[in-house]
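I'd like to ask you about the structure that follows.
For reference, chains read A, B, C and D in written order, and residue numbers begin at 1 within each chain.
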Amino acid sequence: MAPLTAQEISQHNSAKSCWVIIQNRVYDVTDFLPAHPGGSKIILKYAGKDATEAYEPIHPKGTLEEHLPKDKHLGPLAAQDITEKKERPKTKDELRVEREQRMKPPISRMLSIRDLEGVARKVLSFKALSYYASAGDDEVTATQNERAYSRFFFAPRVLRKISTVDLTTKILGYDSPLPIFVSAAALAKLGHPLGEINIVRGAGRTGIIQMVSTNASCSITEMSEAKLHLNQVQFFQLYKNRDTSIAEALIRKVESLGYKAIFLTVDAPVAGNRERDIRVPFAEEDEHRAEGEGESGTTGEKPRRSGAEEEEEEEGSNEVGGTAGALLKNDDLNITWEETIPWLRRITKLPIVLKGIQSVADAVLAADAGVDGILISNHGGRQLDYSMPTIEVLYRLRQQRPDCFDKMEVFVDGGIRRGTDVLKALCLGAKAVGMGRPFLYAQSAYGEAGVIKLIRIMERELLTGMRLLGATKYSELKPEMVERVDFEARL
Amino acid sequence: MAPLTAQEISQHNSAKSCWVIIQNRVYDVTDFLPAHPGGSKIILKYAGKDATEAYEPIHPKGTLEEHLPKDKHLGPLAAQDITEKKERPKTKDELRVEREQRMKPPISRMLSIRDLEGVARKVLSFKALSYYASAGDDEVTATQNERAYSRFFFAPRVLRKISTVDLTTKILGYDSPLPIFVSAAALAKLGHPLGEINIVRGAGRTGIIQMVSTNASCSITEMSEAKLHLNQVQFFQLYKNRDTSIAEALIRKVESLGYKAIFLTVDAPVAGNRERDIRVPFAEEDEHRAEGEGESGTTGEKPRRSGAEEEEEEEGSNEVGGTAGALLKNDDLNITWEETIPWLRRITKLPIVLKGIQSVADAVLAADAGVDGILISNHGGRQLDYSMPTIEVLYRLRQQRPDCFDKMEVFVDGGIRRGTDVLKALCLGAKAVGMGRPFLYAQSAYGEAGVIKLIRIMERELLTGMRLLGATKYSELKPEMVERVDFEARL
Amino acid sequence: MAPLTAQEISQHNSAKSCWVIIQNRVYDVTDFLPAHPGGSKIILKYAGKDATEAYEPIHPKGTLEEHLPKDKHLGPLAAQDITEKKERPKTKDELRVEREQRMKPPISRMLSIRDLEGVARKVLSFKALSYYASAGDDEVTATQNERAYSRFFFAPRVLRKISTVDLTTKILGYDSPLPIFVSAAALAKLGHPLGEINIVRGAGRTGIIQMVSTNASCSITEMSEAKLHLNQVQFFQLYKNRDTSIAEALIRKVESLGYKAIFLTVDAPVAGNRERDIRVPFAEEDEHRAEGEGESGTTGEKPRRSGAEEEEEEEGSNEVGGTAGALLKNDDLNITWEETIPWLRRITKLPIVLKGIQSVADAVLAADAGVDGILISNHGGRQLDYSMPTIEVLYRLRQQRPDCFDKMEVFVDGGIRRGTDVLKALCLGAKAVGMGRPFLYAQSAYGEAGVIKLIRIMERELLTGMRLLGATKYSELKPEMVERVDFEARL
Amino acid sequence: MAPLTAQEISQHNSAKSCWVIIQNRVYDVTDFLPAHPGGSKIILKYAGKDATEAYEPIHPKGTLEEHLPKDKHLGPLAAQDITEKKERPKTKDELRVEREQRMKPPISRMLSIRDLEGVARKVLSFKALSYYASAGDDEVTATQNERAYSRFFFAPRVLRKISTVDLTTKILGYDSPLPIFVSAAALAKLGHPLGEINIVRGAGRTGIIQMVSTNASCSITEMSEAKLHLNQVQFFQLYKNRDTSIAEALIRKVESLGYKAIFLTVDAPVAGNRERDIRVPFAEEDEHRAEGEGESGTTGEKPRRSGAEEEEEEEGSNEVGGTAGALLKNDDLNITWEETIPWLRRITKLPIVLKGIQSVADAVLAADAGVDGILISNHGGRQLDYSMPTIEVLYRLRQQRPDCFDKMEVFVDGGIRRGTDVLKALCLGAKAVGMGRPFLYAQSAYGEAGVIKLIRIMERELLTGMRLLGATKYSELKPEMVERVDFEARL
């Protein structure tokens, strides 16, 4: 195909004819606009222009190839137009990130999970941090997931032989060096060019099990192929497509790629209201406007728009976007205990875990439904705000229905930042815990090495914690070794 | 009538002869002084001068016409004096408001009720904000009304069909698209020239029911006439006049105007101690003084008054003013269960709701009295400080006397800012919730469009919240889906 | 007697011969040094010099005359030395106070007790504020006395006739316009030249009962004589002298002066550890040193003293001073249930109230001992830190031993700042409440007018509070109208 | 031996041949490197150089002599090299400390334990403060140890004879003037050149019993010999060596030195994760780097190291250092109820106290094991973070197993800062309390005089506290005189 010039491409800048450049290749996406999970608006922003920067960090490799017919691949960008693209001046945020990257401390100084998060918060772009950190509404559940652990104190036991401690466990029958797995978290490429591959490799190096997300910025094939050795175990987080045949096909593919368990997402039939994430474009617009003003020499205060224009706009729809809305657009809103669990059981022999149980009542239903496990989770607080913090749900389950722990494996995620947090969850009956954001932050800060560092920190803290609790294996951790107190430990 | 000159008018500047100019017309209010609900002092401040600016935002159209005999309408202001009035230099606060109005963000960026409040707090005049935000004593109940919701967490249910959610409900038998109505709030014109009309129109556009206040800055006739269509439902908030025949006449008028229910105010026989509002004149005096000093060239510190003069003044009365005191001046302090409820039942067939129930004991009395509903309310914390936050009262009523919910409709207002707040109240048995200040803020910030925006935000949050709770209709919301926790979620 | 010159007096500047000038008269206090309740050290600081400024605000008129033999009154100061005394340059703190006095707001702007305190905190000298505000150790009980009220919320009742409210009550059989009395507080002259006389007059003007302190800066005779009318009621706060005959003589005098009840102080056999007060001299020393340096032209950092000198000094005693230690020096450390109460009952017919009950157990003992009342008080938190806040003690007494309220009158003080605080205490069974610091602050800020203002504010708040609670007399206030909540209302 | 020149010594700067200079004497520590409890790395930092400053404050006198064969003592440093050493420019932190030392307040102004800590925090080096203040993980338990006391309030008793109060008690049968002993705390020389000797002397002067630490910076012989009189009582804190014969030899030595009891450490088989301490070298490195940059004239931002180099380093071990890790390196990880207690009982007749009991369950085991006492302690929060605050453990023991207090003496340490804290512990059944950090701070601030001051402050506060509680001897302190409240007293 003949190269296309930027000049020519720029003509196709509307919904009637919409071309975009991605990695110096030109695509006609006109017909695809209505089908785009993220909506047509975001594509039209780049109609007739280069969309690479926006496209890359949130689409797994091969996404375009898979979804766009061959005849819409229009050919390469003309050579003379390729270099110019690089001339775009860096934004203030990009300059800030570069500066922070230069100044970040050596990884050897990372002593805790919060250290890693601290570095990530500096080196992440405003947009990436907003996506990672955002949570539902006022982010109360997200904050409380973490703080809730500070209401559980230990009654440590002494004068026990603790020279030899066994930190290993089994998760759904698979060996794990620690009672920790990677809980699925999407869009790792926003934080680091290699994205989820960093986590696959770091997990492989340390033997940790990773649950990968349907919404990863790497494809599930890429993540499977990136495994370091044959025995490396990966689980799959399923967002069930509203089209059951597509869902079934996905499970077949997942099985063929060697994933060892299905974590069915039950807490995200629709996206939570993540305002921090939704606000990102506002800040970007303001920066553009500020720059525009700077160029034209205007100073001082300037009205944004006339009120009339403003109130006119109000006539529009009541939808808000955000990254999450786009990702979940095709999900099934009608998954049920009666239909979805039996269907899933029927079509796969893989262990089934329900990800997103938030109440004792549903934990009981899950045990009755015969699933292999539940992950007590509220999606990191990203769905319904004021969902009870996960460790509190685990605590109530232990108190009210201890029988559930015998019928299935119980996992918990959300807010785990210390070895002691893990030990609290294990005392209360959890088989293992998932960590999500911490892995995103670790790989954003230091790539694969950050992932390994995170695991080494947790390993060290778990070893010390077990010894100081007087325990040498997890079966010695008992509910009576933690007490929920009535005061706020961190004010 | 012959035009009157400013010079002539200015002679009538005392209690002996008191003329005022309002909208370029001259009135003799000498005989009216003692009868003015807001006291004579505030009128005498404008004796012989133009009182339009002070009069307009707090008096419904037609107030003067209704209360002042025709012969006291002295005629138009002389033409040559009309223009001069506009020369008054703007106050610092007016200049600030103009600047904020120019800089306010586009309404499309309003994601939450707090966003709307945030804009309103900037564009409102100091006086208006003080009136809207003020509450009793130390404003503890006002603050706690809102914060109390943060002690209620959800136990969301999963794996339920939630594609179709019914957000509609019935309020006193009338259809409502959402379980939300506008709770009466006075003096909307302080925040926007159109005042309550913005709310009438916004409610009409969205189908929301509005309870209008006796103390609105628009007359109940204006508000009734502003309805957008015949089916638009309005309720009436009654402050019973101490003169029962006046009260009865008002109800007749209310009925004839088509109002569909009477919300009898029971928590405000006298005004609460709203210090923030009462302090407004102090700040105004200080500004005048500061300006005066500026003109005379004085700088530095200057004593306010001599101590002697000061202590002399103390001999005065023990009354404090504030806007609320004026508004309630003619209210009946002796409304009772034994007399008032039967009287009201006797003279009207409209549904009767008691607005301002603050205890379980009174809720039980209300159920026994056979009213159609109660509104658990403490007047937005504007009456007795340390009145229990309303959601806590609802919670206690649900725990102690669940039978009450079968005998009448239970509503709650105060502190609702999120869709999840509404859902918490509904889980605990509320039929619907009222919102007051948020509508005042919304119309102050963006007029009618702000009102519509508020409703759209609540609608979106309710839809998401219902789905993430696993509920498709309100009857599925149960007390066991919320738990009152023993920690402070927002610190 | 011949006038004495400053030059001559200055020779007598040691413990061997110690003369001081007070109000231009010269006294030989050499023999009195060991007997001075405040210790000899403080007198020796002024040996050979003018001590008027230190003496006046903390000694009632006539103290010297009463304690010093006539022959030690050496005569007047020589005329030529009188004027010079006034030349002393004002300290920074005095200049600050003068400035604040000029700038203080008019009393008409005082809307709340905290407003009055706010002004007082500005116009009080550093030393006076330190004495008034200081409390035991970390001042936790002092702070909690006030904050504890914020954990009690109301269940207000509605639809009751509240046009007529009776705010009057009887305290130990004496009429009071409000259920409030002045709780004894010492050294009012530190805050205002007229000292306690302001309170006597303000109480007289409003009909409020005042409990006067043995440690007042006015004598009990002065305070009795300052009464405005024959029916003005005063109570007497007794610190029992270790010499019972002195104590008995004092009671005889109290009776003869017409005091109507004895409040026996039981919580202050020794002084609490009031560090804020004890530190006052440190700040004064530092200011003197700073001024000295300024004069000698030194700048920059300068060591205070050599370490050796410092550690030498450590060999001294383990006593710390503070104003309180001095005031209590002659008090009886061995007052008991078995001896003191019967003794007191024997020698006087006046009603006896125990001031400083801090536990349910002692309240029960008091009821059994047949006293007329108890004042639940921890001395404003000035004695044992972490003594339970008084409203909490009252609450426990009501819950555990409601019978006590039938056997005697129960009063409470400490932390009352609002009419609602009073009403909470009354709901829980208190007959009336005492207020101490607020009166000190009020008279410091505005003299007698401040005292009256305070009472008018409380009256207004009580009237509004009663009405909004739905009560017209105190017997309608019930324990079930307040609820102790488990959250912090003021954060 | 012939003097050695700095030039010659500097050749031996690696693990192959490692010489160091200490107090102007040269040692060959090559063979000792692997045996050093603190690891070889810290020694190699000084290979070929002077290590005196790093060595002295953390090694008791005679350590080198004891552990290094005579033939490795290579001789004196050449005279011409001795003076130069002193030329090292002072670090910023040293200059800061000198300045603070000059400016510190006279000891007579120290009114409370927190005053002493306040001075110490200023005059301590960054490194010393970091070691003293550091605690496990997020230091929650360390903070809560102290704050937990603020949840216990008193019910003081009145009308009791309190002129004579007996503050003395017996601890393990030995007379003590106060119910307070010095709880072992290591490395006092970091804060003051005389180190633990200050505490020995101050304790001797006041009669207080001191528990000395195996890890003191003075040897146990030095501390024993520093006693002021024959009757001065010292206890010994034992960290059991993993080599039982070494442990036994140590106990023999302890007995021969006259120590009166063995406090067996049971809460520190391995070191806690004290990040604040571990981070000290990072700050030191940064200062060196900053100084280097300053010299070479570079300004502005400079990358620390290349990322590659960084990630390479990650390949290292998962150990973190910190002072604590070194100190505990040879401790026995396998001490048990079954073996260690009987062994200890067998080899010594001294009273045995278990130091570090953190649960009711272990307190019960201790009582059953027949030890003479337990010290409820979590090592000042330096071991397992989120170990329950010690006063809370004592409170639970009193509530759940009051019988334990009859079987053995119960002590508590951690967070004691006020006389009232001691009295709370005694009310709950403690025989006496230990104080650790406060003594380190006191001696750092003012040496021996600081230690004495601390005790005098506690004595005064205890005397006042007893009187204001209405108690004259400790047997009158009862559990019902303290109440655990549900609110936070200090916010």
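Heads up, the rule we're going with is that contacts are C-beta pairs under 8 Å (C-beta built on N, C-alpha and C of every residue); 3 or more make two chains touch, one makes a residue touch a chain.
Everything quoted here is computed from the prediction, not taken from an experiment.
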### Task
Show which chains lie in contact with chain C and also with chain D.
none
### Message
For the identical-sequence pair chain A and chain B, what's the CA-based rotation angle in degrees, nearest 5?
### Response
90
### Classification of the chain B:chain C interface as same or different, half of numbers criterion
different
### Task
Could you put a whole-Å number on the gap between the CA centroids of chain B and chain C?
44
### For chain B paired with chain D, centre-to-centre distance based on mean C-alpha positions, whole Å
63
## Note on the structure
chain D touches at least 2 other chains through residues 486, 488, 491
### Task
Throw together a list of every chain pair that touches.
A-B, A-D, B-C, C-D
### Query
Contact residues on chain D for chain A in the complex?
137-138, 140-141, 143-144, 148, 151, 266-267, 269-273, 275, 278-279, 282, 301, 303-305, 307, 310-311, 313-314, 316, 318-320, 333-337, 340-341, 354, 356-362, 365, 378, 383-389, 392-393, 486, 488, 491
### Task
In the complex, go through chain D and note every residue touching chain C.
99, 102-109, 111-112, 150, 152-163, 418, 420, 424, 446-449, 452-453, 456, 459-461, 464-465, 467-469, 480-481, 483, 485-491
